[in-house]
Amino acid sequence: MAVNDLVLRIGGESGDGYVSTGDILGRISAQSGYEVYTFRTFPAEILGGHVMFQVRIGTKKVTSRGDKLDILVATNQDGYEKHYRDLREDGLIVYDSNSTEIPAEGGWESLGVPVVDIARKLKYPRGKNAVLLGALVHLIGLNVEEAEKMIMRRWGRKSAEIGQKNIEVMRAGLDYAAENWPEVTSYRLLAPKAGGEERLIMDGNQAISIGALAGGANFYGGYPITPASSIMEFLAAELPKFGGVMIQAEDEIAAINMVIGASFAGAHAMTATSGPGVALMSEALGLASITEIPVVLVDVQRVGPSTGMPTKTDQSDLNLAIYGTAGEAPKVVLAVGNVEECFYVMGAAFSAAEHFQVPVLVLSDQDLSNRIQTVPVFDINRVKRLSRVLPDLDSGKEYERYALTESGISPMSIPGMEGGYYTAESLEHKTKGAPSYEPDNRNQQMKKRCRKMETISNEMVNWELFKYHGDRNPEIAVLGWGTSEGAVVEAIDRCRAKGISVGAFYTNLLHPLPAEKISEFVEGAKVIFVPELNYRGQYANWLRSQLGLEAVRYNRYDGLPFIAGEIEAEIEKLAAQIAAF
Amino acid sequence: MAEQAIKLTSDDYKSGVKPIWCPGCGDYAVYNAVLNALAELKVPFHKIAIGSGIGCSGRFPAFVKSYGFHGVHGRALPLATGMKMANPELTVLAIGGDGDGFSIGGGHLAHAARRNVDLTYIIMDNEIYGLTKGQPSPTSPQGMVRKASPYGTLEQPLNPLAMILAANASFVARGFSGRPKDLAVLVKRGMEHKGFSFIQVISPCVSWYNTYKKFRAIAKMLPEDHDTSDMGAAMKYAQDTETLWLGVFFERKALAYHELEANLQKQVHQDGYGVKSVVDRFLR
Amino acid sequence: MAVNDLVLRIGGESGDGYVSTGDILGRISAQSGYEVYTFRTFPAEILGGHVMFQVRIGTKKVTSRGDKLDILVATNQDGYEKHYRDLREDGLIVYDSNSTEIPAEGGWESLGVPVVDIARKLKYPRGKNAVLLGALVHLIGLNVEEAEKMIMRRWGRKSAEIGQKNIEVMRAGLDYAAENWPEVTSYRLLAPKAGGEERLIMDGNQAISIGALAGGANFYGGYPITPASSIMEFLAAELPKFGGVMIQAEDEIAAINMVIGASFAGAHAMTATSGPGVALMSEALGLASITEIPVVLVDVQRVGPSTGMPTKTDQSDLNLAIYGTAGEAPKVVLAVGNVEECFYVMGAAFSAAEHFQVPVLVLSDQDLSNRIQTVPVFDINRVKRLSRVLPDLDSGKEYERYALTESGISPMSIPGMEGGYYTAESLEHKTKGAPSYEPDNRNQQMKKRCRKMETISNEMVNWELFKYHGDRNPEIAVLGWGTSEGAVVEAIDRCRAKGISVGAFYTNLLHPLPAEKISEFVEGAKVIFVPELNYRGQYANWLRSQLGLEAVRYNRYDGLPFIAGEIEAEIEKLAAQIAAF
Amino acid sequence: MAEQAIKLTSDDYKSGVKPIWCPGCGDYAVYNAVLNALAELKVPFHKIAIGSGIGCSGRFPAFVKSYGFHGVHGRALPLATGMKMANPELTVLAIGGDGDGFSIGGGHLAHAARRNVDLTYIIMDNEIYGLTKGQPSPTSPQGMVRKASPYGTLEQPLNPLAMILAANASFVARGFSGRPKDLAVLVKRGMEHKGFSFIQVISPCVSWYNTYKKFRAIAKMLPEDHDTSDMGAAMKYAQDTETLWLGVFFERKALAYHELEANLQKQVHQDGYGVKSVVDRFLR
């Protein structure tokens, strides 16, 4: 019986280009109408070293990297050794029989392809990847024409001849597999839904970048850092086409201060970085908060503390995002959990920053940053685009930049506006911006700024930043944020199929926390479950500190994203405990 | 909106917030020089943007009728860079002290210079940390005794002019608060320069390190025939420790950062290009 | 009836030197055997501007600035206008009758002293301060010889003649007061206890600096910032005498990295700064944590966010101290609440840093930094001095810097030790220091580092870092930290005198929180009360997030320290609520 | 402990951790030069301390048998300064890349120079960000096209040698990984220099910006008769963009920071002085 969900991993030497084989395989699948989700690791070495690229292909939506592997492609001995434990018991190993030996003991099936020999025979020794690709196209039953088109797109761009050569070699690989592996349906994908919906195929950082453009971004100041750099690189190419500016600054401190200066001067300004960069920007975030300058900062989280493991994923900057400024600085913290919402949440981020005049932090992560997913085509009109509240400068009254309004939002002028001049003041200040150390004035301004948090809370609760999965009144209530969502969604589906009452509430809005929504959701639950990719249980602590909620925690901090199976197992344990109670 | 039609005097550029500097502080001369330059160049109030760091000098923006930003310590340059690049129509000034600009903010200087951002950076160099009550700064003379250096500093002072020349800034000048008229001329020239202009102003701190006398004795205008395109000569005058040379040391023409950026934007412009164009590239 | 507790405030123009009059008055009192506690504000102007200096003098220990003023000294009209509201109803105004007019309406008594005239008559117009001082010495009944000694010490240091002149003028002021104000006992202090204990008189930053020396500090890297600079300045003078080094770095980032480098090389290294500086040091604190390098950082808190109000006091960096690093970085957070414990807690800070190989943050604040208090003479032998656990390098085994020990503490070699070389690695690393991205290794190292927090918890609970005030099993349990202590202690005394069951638990150890001690203390309490100088109630949130405790909060964030009276009023309200319940 | 008695070769200074640089990377030549210098100078392993920042180049310390510190991005100099001042007996190296040292860490350079900290700072300048996969760095030529600069960079490159000369560093040199033998000599000379020695090594990145050819064509040793005490001449060679001059540009004798500090400590020393002496000053 053919399957509708397949997890395939390629493991091998990074320099050999097998990562791109995986990438192409994913794209062919997407092109053919499947849903796709990728996952990869990076070598510790700067060039070379072991890498793996995993692609999950489904006929229906897939939201996580998958549990066990159905197919392991070992392009060298390491590719076998390092990964065979992740293969399902009756899985398939496809391997380069010229370089790799598969011990007989394993319970799995295997297909050796003499990759080197085939490529050499066709006088194209560099074609090893294409050979393998061909074999896989046959094995899982992808559309060969789509494969050829994709090869031309990828390898034939510079020279049609090379493209053709690769197609030839791919076909040889395909033929070899067809001969040695007549249609074994258990590794073959069912046909995709005919005429399925249109899809985009992209990674998280791309979606964030496009979301920023949709949100009106026209200034980016940044500094390279893994895994955020590709946002800067994307916007370097795009912003000038939108009349915008991207500056690679000399460091993160310069970057965020440029962003603040640009925003003061009227730009929709942003930066993106990772933990170490956020730490360096902390002082300036306080500045943006007290001067009430809109700023969007994307934190693509990686494993800390300090340099940590830059190419591994983590959710451990939540504390830093909420608390990491000297003094008390109102700001908004958002999170994204999948490629699609990267786009929409960036719109919300700019709207919140501009409208409420606060710094907005968006937490993404390494896994999401370069994970390729098929996603529904973005609806650009759905993107929120609130703007700054401008002052009425013809009112005859002298302009008060920091007027004590009820909402806390004081109309904000922009350099170039006649009569609107003021000083954005990092010292505590009076309504017109002049510094003041008066206790009463301090109380008023502090309250005014903090009042914005209530306004934000009240308004943003209507911004479609929340999602429910599974039961709406579950016995086991999962509260989560960010990147864990995909695995949790699958785990919930599986558990509900087993009769367990479980549901999840995911919020993009982490600060201010949507207290009522959460309380409402967990009411009646027998247990609250909070899975997180960090050690301390930062969200669980945040929930406790804000709402007094007690949760069972499940934490992983080894740099890898969750798999659905481990969440499923935890939920089942909880269900058993509830039953036994 | 139209530029101001009526003639403005430098007093018109005062914001009404009274400077909090000590009586006699060198910063007043800088203040007057800037007001004067703004009036002479007829810059409309609403097209002036001034970014500053923290220090006595950093309090500057609030005293000028203009858009101002009193930021954090050491970041006047990135702040002002952001302003100019977001709105090239603004006349942008960056303001700070020697601690702000050469110590905590020292890393930004060469980068503003190599970008050739079109702004005027005025450092009020009093060779001391004024606001924090008299600690030695990077330009303090070796051996200076203060509370933070009770046995005298061990470090050599930096030579800011030599360093900014080495960074190939497109306009480099030095003024002295003890010579307010010459200073006013310099500031105006700096503001007229298209690109990054750096002006070090020796601006004595009467409370913690009064250097009026010391510098009056050795201050001299650069010779009339000094060739401001001669980097070698500029460097020599900058490295001369016997005389405090004043005036424009070096100047060169080059496209400013925002001009280069504008060219780039023109070059990549596509009619009808928008978010949808970007999204569509990702259709499978 | 003479009094045993007097609050006196001098208000006037900063340039006029009246602050030093207040300071001298305090010192004369201390010298005469009284207990002293000062409080002051700073002008917004760089030179000049309005200031006030307050001194509280008691025959017994005084722990806060005092509530209402008994005596207001107005040296100019502003000195009256700005402060008369703080005067107790039947208080006394002493004023310069040459410059100041006191309206008749007030209920208080007043004594005008023609300060200018007197000084001029004696041909010493600069002697205005001394005239006033003389008047006050008489009014409150201080020892005249002590006053003369102190004048010689202060004004006679450079020229005995000037000293003598000041004494003469002081005597004239005294005579004038004696004539016009025959002994009115209600403003006169009772004699101090004869032969009272020895006392030190110093401010918080001085005590911190000396505590650091006692804790073994021999390296300081810092950058000037109000209100921390005087620690750097103190140590600049002292460290070289101890063979140590103080470097004024180019910024806070350089400072903390120098400190880390020095500590790595074997020094007991520290820095001190305030909020903006801590923010800038955040990245390096993560570095110290993952590389397990001892570091002590004193944060003399001031009002934030951003530049805020640098010369005002606050307790709003607690969140930053606990949470302000990217990723999860074990560290210790301590707090000090009075001058005496500044000394001892610094010993604990160095011991914790050195012994547990973690960064230790010590939270002080602006008020404490320059508040002068009389304190018992420090017992240098009581200072904790734990050292680094050194490795046995002759064991024949290859040295493992990050060995997986049970306590989490891995013996640490120091450059110069033969055979002990290793790389302190900011990337995740294996036991010998080599970088590693392996999930299993990551888990082990992360657990090892975090295990230290338990070890710390278990050990530091025995370090005398906790204090109980008032009832041990109170109905109203006050949980507090840092600078609020003095006012709380007085408020508790007053409330207990009224029959209210109230007690307080103060901890210097904020992270890890002494969970058991706190739980034990609040057990049986009807209400928990947490007063803090911040907006959010950071400690209250921390208690909730760590222990699930719910507290009634009382927050002040206008830059001024608590007065006992406001705490007293809050406690009384709570008591009334409990009674009504 | 006694110094090693037996003669050591440069191989003995390898830590056993294999460098992770790409084959052909210029950093190998720097590695060998350092190993060689250590061996020739017979520095005992346990008296070497190497501090670095983040970057390909920053991975250096782990590969040397020594005490090492792989710190955070841009802070090699303050880190190493702390080491040297805490224990002057150590032979201290600071290591980094052009991004590490001239971009994020650019503010520390002049200050290490003015302190004259006795350490050798080696910057492996490949005119690119290697580790983060090829973004332009402050020394990248104007117009460089990379992902982060798809239309070419707009900024002028910095001239690090000119800037460090302007900061009056006491030893300034340039080497080239394409000339490993000359480089080895330079590194040794830098380590022998007492005080702050700065060595810029042109160390091509074969993966993102292979400049071997470009620089081989224009690399030349400084003339034999170059006077290393002549700042003006040094500056001229540094500013020459036609030729990549190699060798020691400038050197001057001056007391190192730790020597000045030691003198100070001697000066203030008081027998029997201790914490009690300090406390007693505060007795009322």
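Should a chain be cited, it is by its letter among A, B, C and D, assigned in written order, with residues numbered from 1 in that chain.
The rule is simple: a residue touches a chain if its C-beta (ideal position, glycine included) is under 8 Å from a C-beta of that chain, and two chains touch if they have at least 3 such contacts.
Only a predicted model underlies this, so the values are computations on that prediction, with no experimental measurement involved.
K.L.:
With centres defined by CA atoms only, which chain is the most remote from chain B?
P.N.:
For chain B, the chain whose C-alpha mean is farthest off is A.
K.L.:
Could you quickly compare B-C and C-D and let me know which has more C-beta contacts?
P.N.:
The comparison resolves to C-D.
K.L.:
Just give me the whole-number Å value for how far the CA centre of chain A lies from that of chain B.
P.N.:
That gives a centre separation of 42 Å.
K.L.:
Whole-Å distance, chain A centre to chain C centre, using C-alpha means?
P.N.:
Inter-chain centre distance comes to 45 Å.
K.L.:
Where in chain B do residues touch two or more of the other chains?
P.N.:
Within chain B, residues 54, 70, 72, 103-104, 106-108, 111, 115, 138, 151, 261, 264, 267-268 contact more than one other chain.
K.L.:
What residues in chain A touch two or more of the other chains?
P.N.:
Those would be 44, 240, 250-251, 276, 283, 286-287, 291, 306-307, 426-427, 435.
K.L.:
Touching chain B in the complex: which residues of chain A?
P.N.:
27, 30-31, 198-202, 206, 210, 213-214, 218-219, 221, 238, 240-243, 245, 247, 249-251, 253-255, 257-267, 269, 283-284, 286-287, 291, 374, 377-378, 380, 415-427, 433-435
K.L.:
Inside the complex, what are the residues of chain D that reach chain C?
P.N.:
It is residues 1, 15, 17, 44-49, 51, 54, 59, 61-62, 65-72, 75, 77-87, 89-90, 107-108, 111, 115, 261, 264-265, 267-270, 273-276, 278-279, 282-284 of chain D that touch chain C.
K.L.:
What does chain D use to touch chain A in their complex?
P.N.:
That would be residues 20-23, 25, 54, 56, 70, 72-74, 99, 103-104, 106, 129-133, 135-136, 138, 147-151, 207 of chain D.
K.L.:
Can you list the residues on chain D that touch chain B in the complex?
P.N.:
Checking each residue of chain D against chain B gives 102-108, 110-111, 114-116, 138, 151, 154-159, 162-163, 165-168, 231-232, 235-236, 239, 257, 260-261, 264, 267-268.
K.L.:
Note which residues of chain C are touching chain B in the complex, please.
P.N.:
Spelled out, the residues of chain C in touch with chain B are 44-49, 223-226, 229-230, 232-233, 236-237, 240, 248, 250-252, 276, 306-307.
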